[in-house]
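My questions all concern the structure below.
Chain IDs A, B, C, D, E and F follow the sequence of writing; residue 1 opens each chain.
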Amino acid sequence: MNWYNIYPIIQMAIEEDLSWGDITSESLIDPNWTIELILYLKQDGVIAGLPVAELVFRELEPELEWTAHQEDGQFLTAGTPLASISGRAQFILKAERVALNFLQRLSGIATLTSRFVTEARKGSSTVRIVDTRKTTPGLRILEKYAVRMGGGHNHRHNLSDGVLIKDNHLAIIAKAGKSVKETLISAKQKIPHVMKMEMEVDSISQIPDALEAGIDVILLDNMNCEEMIQAVKEVQGRALLEASGGVTLKTIENIAATGVDIISVGALTHSAPALDISLDYQ
Amino acid sequence: MNWYNIYPIIQMAIEEDLSWGDITSESLIDPNWTIELILYLKQDGVIAGLPVAELVFRELEPELEWTAHQEDGQFLTAGTPLASISGRAQFILKAERVALNFLQRLSGIATLTSRFVTEARKGSSTVRIVDTRKTTPGLRILEKYAVRMGGGHNHRHNLSDGVLIKDNHLAIIAKAGKSVKETLISAKQKIPHVMKMEMEVDSISQIPDALEAGIDVILLDNMNCEEMIQAVKEVQGRALLEASGGVTLKTIENIAATGVDIISVGALTHSAPALDISLDYQ
Amino acid sequence: MNWYNIYPIIQMAIEEDLSWGDITSESLIDPNWTIELILYLKQDGVIAGLPVAELVFRELEPELEWTAHQEDGQFLTAGTPLASISGRAQFILKAERVALNFLQRLSGIATLTSRFVTEARKGSSTVRIVDTRKTTPGLRILEKYAVRMGGGHNHRHNLSDGVLIKDNHLAIIAKAGKSVKETLISAKQKIPHVMKMEMEVDSISQIPDALEAGIDVILLDNMNCEEMIQAVKEVQGRALLEASGGVTLKTIENIAATGVDIISVGALTHSAPALDISLDYQ
Amino acid sequence: MNWYNIYPIIQMAIEEDLSWGDITSESLIDPNWTIELILYLKQDGVIAGLPVAELVFRELEPELEWTAHQEDGQFLTAGTPLASISGRAQFILKAERVALNFLQRLSGIATLTSRFVTEARKGSSTVRIVDTRKTTPGLRILEKYAVRMGGGHNHRHNLSDGVLIKDNHLAIIAKAGKSVKETLISAKQKIPHVMKMEMEVDSISQIPDALEAGIDVILLDNMNCEEMIQAVKEVQGRALLEASGGVTLKTIENIAATGVDIISVGALTHSAPALDISLDYQ
Amino acid sequence: MNWYNIYPIIQMAIEEDLSWGDITSESLIDPNWTIELILYLKQDGVIAGLPVAELVFRELEPELEWTAHQEDGQFLTAGTPLASISGRAQFILKAERVALNFLQRLSGIATLTSRFVTEARKGSSTVRIVDTRKTTPGLRILEKYAVRMGGGHNHRHNLSDGVLIKDNHLAIIAKAGKSVKETLISAKQKIPHVMKMEMEVDSISQIPDALEAGIDVILLDNMNCEEMIQAVKEVQGRALLEASGGVTLKTIENIAATGVDIISVGALTHSAPALDISLDYQ
Amino acid sequence: MNWYNIYPIIQMAIEEDLSWGDITSESLIDPNWTIELILYLKQDGVIAGLPVAELVFRELEPELEWTAHQEDGQFLTAGTPLASISGRAQFILKAERVALNFLQRLSGIATLTSRFVTEARKGSSTVRIVDTRKTTPGLRILEKYAVRMGGGHNHRHNLSDGVLIKDNHLAIIAKAGKSVKETLISAKQKIPHVMKMEMEVDSISQIPDALEAGIDVILLDNMNCEEMIQAVKEVQGRALLEASGGVTLKTIENIAATGVDIISVGALTHSAPALDISLDYQ
């Protein structure tokens, strides 16, 4: 993750929570009083976002002392201390909730990703578990980082850095009376030479045309395992195969075992519950 | 919700997904081709965010026709059409994912809130289910709206519009060798006269001092039901009582039955799974 | 005041004055020449904004040496040195006007507030003098700080952190054919439990309904002292009373003596003349 | 005034007051209820800022109907209706305070300027009354517009569009052991050919060197009328003369009569009291 | 080009030129006077940016009437009218320079690109002429559009949407004592599956390792035509080949004839002279 | 140049190139690996922008060590080392292209300006070579700095800091049936007293009216040298004379010799080719 890019997100979050001030701390706490606190895990899980939390605290308390006891990407058990922090109490308390909101969400995503990866490994030693664009508006760069911390891989970041032709695109081309295959060939002439083209299919019968048009990656949409196995046979390594659609912790092992190269899971980012983390007085 | 305030959020989300363009649509779809699509529910739940989704589509396709079939705040079953949209295909497809990301997340929150409210009503006809500041960075205004759409109420919006004295504040005051009660009284002299003061207690024994200091709302932190009942008796209506800490769908009925006025639930916003919603070609 | 929140204001002010450069200093002054200057008061008054001025100078001259001789909130006489500053002349001169513009305005507000508080104390030892939302667009957080430095208190910060039902609201409710009292009761069900409700009345006869609807603060709009005394009797401590409307340095003592809890004065921020302060070469 | 440039100011002001919403209006007023209100003057004065107020209302209520009854720059008496507005009540009430804050401040400045101009005209039919950079941070473009509406002229807008060499510049040059005259000549070689050079003098003896260095405008700092008359004689039209420093409504007539070309008055913008204007239900 | 993305660029450009106003037009031209003007070409060339120019005019004059006589991407001769515009004179004149600055620069780039493409076609019917990241800071999206309008293709947009391993990367890997080949293989495991990997080589001897590591595109840095021919033979279609480095209008035909797939030309964007275009009164 | 003003430009440029990250460096280079590189000139020319380049590198690598070997404004020959830099490789490589894009463009402008100045000096020892508003949108402040580094002078910065009445203004005034001379006189009454008025003429016959109206600078539009000589005679020092329109390196000597005071050259900024500069591993 490129820390330069996340400052604006952190600033937005602090402004959202701090607005024109923290009435509680400012009316109760002398600005010179100091404090030492421990950030620790209250639930088993994979931690992600410690450097984000540190940046949040540091933004409001530049004199912060931060001692990390763990690193992002580790699976840890409830009770593990993550970091010790000390500084002026009023400013640390102003940052607390924002820092925890980032850390709990990102760790929740890393933890869920890790569980999907573990299940998928039972079916395949090489299959990639990848995220989608079903991320929280504004937090994509962080959430995709959390997926990597959980052992997953990233799909394209957004509409600008990857070509993925979906069912609605195909329907529009058909409605306009155009040949899908010729349209694909023509598009391939336009896109930058550093990009691959990926296309969604919901039937094995669409695969030959896709291969002839030079599609590099085929997304198998909501297929069952039998269909996926058939697709693997049909393609014979001429394109990468991505399984997608309603993948769960229960089904992923079997999907992985079909031989597909990639499994994409929207739930990694859109439905991961927060991991419980607390900041406490010693 | 104040629509004026959410434009910046929508713009941020579109910029995140669109960056310098949508390579797929721009290389495949003629900008003049039009399309009609249906937004519909794929799972039972309470819908929230339809006007947000409309604004996203309209931001990219100003010529959009949008016909809402449902309104925010309704419980609907899988398969229900939410809105029909038509316009230029390239621009609608550019907006699709961002619109759905908002709609699915907000509807997920409304749906979970609605379930908590339903359970709580079994124990009390008047108790308020309220959210917390454990929201997604950047989306608080939207997520608090979704809580209301699910039948919940809002706690303070951020650090600037409510006073909530928590355990860490009390620990710092104690560490500084100050009397908590006198510090509270002094703070009450400073805060604006339009605000109440709320304080967290983890023991019944803290309540008398809180009342004497003029605390308006007492937050009962992680107490069991017996303690809550005792707190209700102790306070006798001289302050509002808010139950907080690890509240689940299983425990909320009994908590509600203790007679507390308010139950706050962080999970409403930090752990609500997305509600499945789709945009499909007819 | 939360210094984090005022950086954007300072940057806006510097950009306004500096645009693409300071033609005078850049064509006359070698960037390495240094200077020592004294900031001093040219008029008696209460100073407010020294830390703001320091931030302005520091933003343009990071190597600034700043020695404060006084603190915000003090009443000082003409001629008092406020701070000594030294650094590179070109950058200090670029910041001078912006720093003074903040300091003179905020000190003007603190000085006027202090005069109102002094007069009010003659009539009551406990009455609060509070500001309004009649502040300079963009400077509210600073101006409300200046009011506190002058011994005043703050009313709500903006439309989001307090409920104040004014005559126009009541007129609209009446025009819509609704019962004011029932509308108030219904609104009380919606607003967050940490907020009080304040209502403006222009007649004593409105008070009983307000109390029954659970109004916490009653604003007495443009009443004379006799009416205010009557209102104090009527309310008997069941709500706070705020006097408002055309309060002057001449009338405030008598208003304070009526027993109202709060007196709000728009002039504190909308009509305070600047306090004369200068930056001079020794 | 260039309306394009004031949108950002208006948006900043609305965000400051509206934050995440208007709790009062949103809990009391149905969004579809409409209202008609009159904006009218409660004090005699010169009006400035009506188009700014209109833009504020329109930003929050795009369906606003606005009928202006007066134009900026007119002297009007208390009670004069300025504009009639109608639209949805909730949105008009959200905009009211911000619109009035702009209008009252700008009209206050126009009114004070008008009084200075009237007094100055008694001493000279041609002297210009000009503003300074002692404006409210963030509002300079609006305040300088208000000065023009009151019959005044503008000095330079900021550090980038005019050269004004002040006492501190001269002190620094002297401290660096440089010749002021040669430094001025050298600076004249550097500045764009479309700009004049203005210099502050506090003694008649500085004038000859200034003229020889090609100074176009001479600022007479805190001189008395005798000195100004002497300066006018000395210069004999070879440069413009600007009187500055502590000019009041009482002194300006005599200053104007000295024959100076320009009189600058900081108080126009830093100490003008707001003009009382109200928005009322009919 | 995605028009949504260029609004911020247009606004930045207008703010840069307009700041707080256009003193000339505002002091000379009545805001209600209207005008009709013709935008026309003063030099032969390929036009690009007409819709950008229209947006600039429209931003300042919303009532603009704009009639385009030509479309982007056409080669046109000196004297050709490009568009007729009419509206209020003051606002059109405020926009003129900014609109022309965009249009002249983009048309300059399209024109130069078109000349490179024409020369390259003499050597190869399929070779792509592509741009680089050597664009004007802030204008990349527009300049890459202009390249396409001139018949060129785009390379990656920025560091986020393509992998290009350059000499400095390789030097750092070597300095760190790592195997380049293994580092490449490891990187390929990390990057999203929708992206290709491109690597720069300055010697034919580096090609076998690159192919074994799975490199998809090989950039031949500053090679002469003999070396390029050898590279084409060596690679035999297993990767795309991109020629780069000091390509001129004189050398491009021979480079194209070597059989490389792509030729990248930094000069398209960093050294294209503006195309002369004027806005004139009829 | 005022470094404070260029930070936003640098940040915009970095965001444009870095978006959500640098996939290449992040997948290949360990964040702790360090590197030393040399910035050097590959072509003869005048350097401009070294401090800008340094700021770009420092923004991404705060621990950068930067040793400048040359200063802006010098003419240097190909091969000259400009600066040595060392720091963490991943962050330096992220900044490289942006830093070079600024440096090459600004040095290109300085170099071209220097050539125009050299040619003009052959015809006149005092004539000023000035830039225009034909700059790259967003980079004006930097490009005007580069012109000064090349020995040129700046014309007005933008529409706000200078009055320049052009042919289209005159046409509009005429079309409205107004007297140009009276309109000029009236405008002179309105503009700030620190500004001069410049007017474009395309015929000698317009000069007398311009002088009578008090025009300070006369722009001779596309006149030949004979006309310019005649204009010089006509004006006799009562106004400055600026030659403009299609000035080239070949024609500038003769234009300078006509006796005009100023020659403006749009090509300095709109058509300067980049100067070739490289960052290389030692």
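Basically, a residue touches a chain if its C-beta (ideal position, glycine included) is under 8 Å from a C-beta of that chain, and two chains touch if they have at least 3 such contacts.
Computed from a predicted structure; not experimentally measured.
Asker: Touching chain E and chain F alike: which chains?
Answerer: Chains in contact with chain E as well as chain F: A, D.
Asker: Which neighbours do chain A and chain D have in common?
Answerer: Touches both chain A and chain D: B, C, E, F.
Asker: Equivalent interface to D-F, which of E-F, C-F or A-E, with over half of contact pairs matching by residue number?
Answerer: A-E
Asker: Could you work out which chain's C-alpha centre is the most distant one from the centre of chain B?
Answerer: That would be chain F.
Asker: Count the touching C-beta pairs: is C-D or D-E ahead?
Answerer: Counting C-beta pairs in contact, C-D comes out ahead.
Asker: Taking all residue numbers at the chain C/chain F interface, are over half used by both copies (same) or under half (different)?
Answerer: different
Asker: How many angstrom lie between the centres of chain B and chain D, each centre taken as the mean Cα position?
Answerer: Centres of chain B and chain D (C-alpha means) sit 45 Å apart.
Asker: Roughly how far is chain A from chain B, centre to centre by C-alpha average, rounded to an integer in Å?
Answerer: Those two chain centres are 22 Å apart.
Asker: Approximately how many whole Å separate the CA-defined centres of chain C and chain E?
Answerer: The separation of the two C-alpha centroids amounts to 53 Å.
Asker: Which chain D residues touch at least two other chains?
Answerer: In chain D, 18-22, 94, 140, 157, 160-164, 190, 192, 195 touch at least two other chains.
Asker: Following the definition at the start, I'd like every touching pair of chains, please.
Answerer: Once each pair is checked, the touching ones are A-B, A-C, A-E, A-F, B-C, B-D, B-E, C-D, C-F, D-E, D-F, E-F.
Asker: Using the touch definition from the top, list the residues of chain E that touch chain B in their complex.
Answerer: Listed in rising order, the residues are 1-2, 4-5, 140-141, 157.
Asker: Given the complex with chain E, which residues does chain A contribute to the contact?
Answerer: Listed in rising order, the residues are 128, 130, 153-157, 160-164, 190, 192-196, 198, 216-217, 240, 242, 261-262.
Asker: Looking at the complex, which residues from chain A come into contact with chain C?
Answerer: 14-15, 18-22, 26, 59-60, 94
Asker: Quick check: in the complex, which residue numbers of chain F touch chain E?
Answerer: 9, 12-13, 16-25, 27-30, 33, 35, 37, 89, 93-94, 96-98, 100-102, 104-105, 108, 133-140, 158-169, 171-173, 175-176, 183-184, 186-187, 190-192, 195, 266-267, 270-271, 273-274, 279-281
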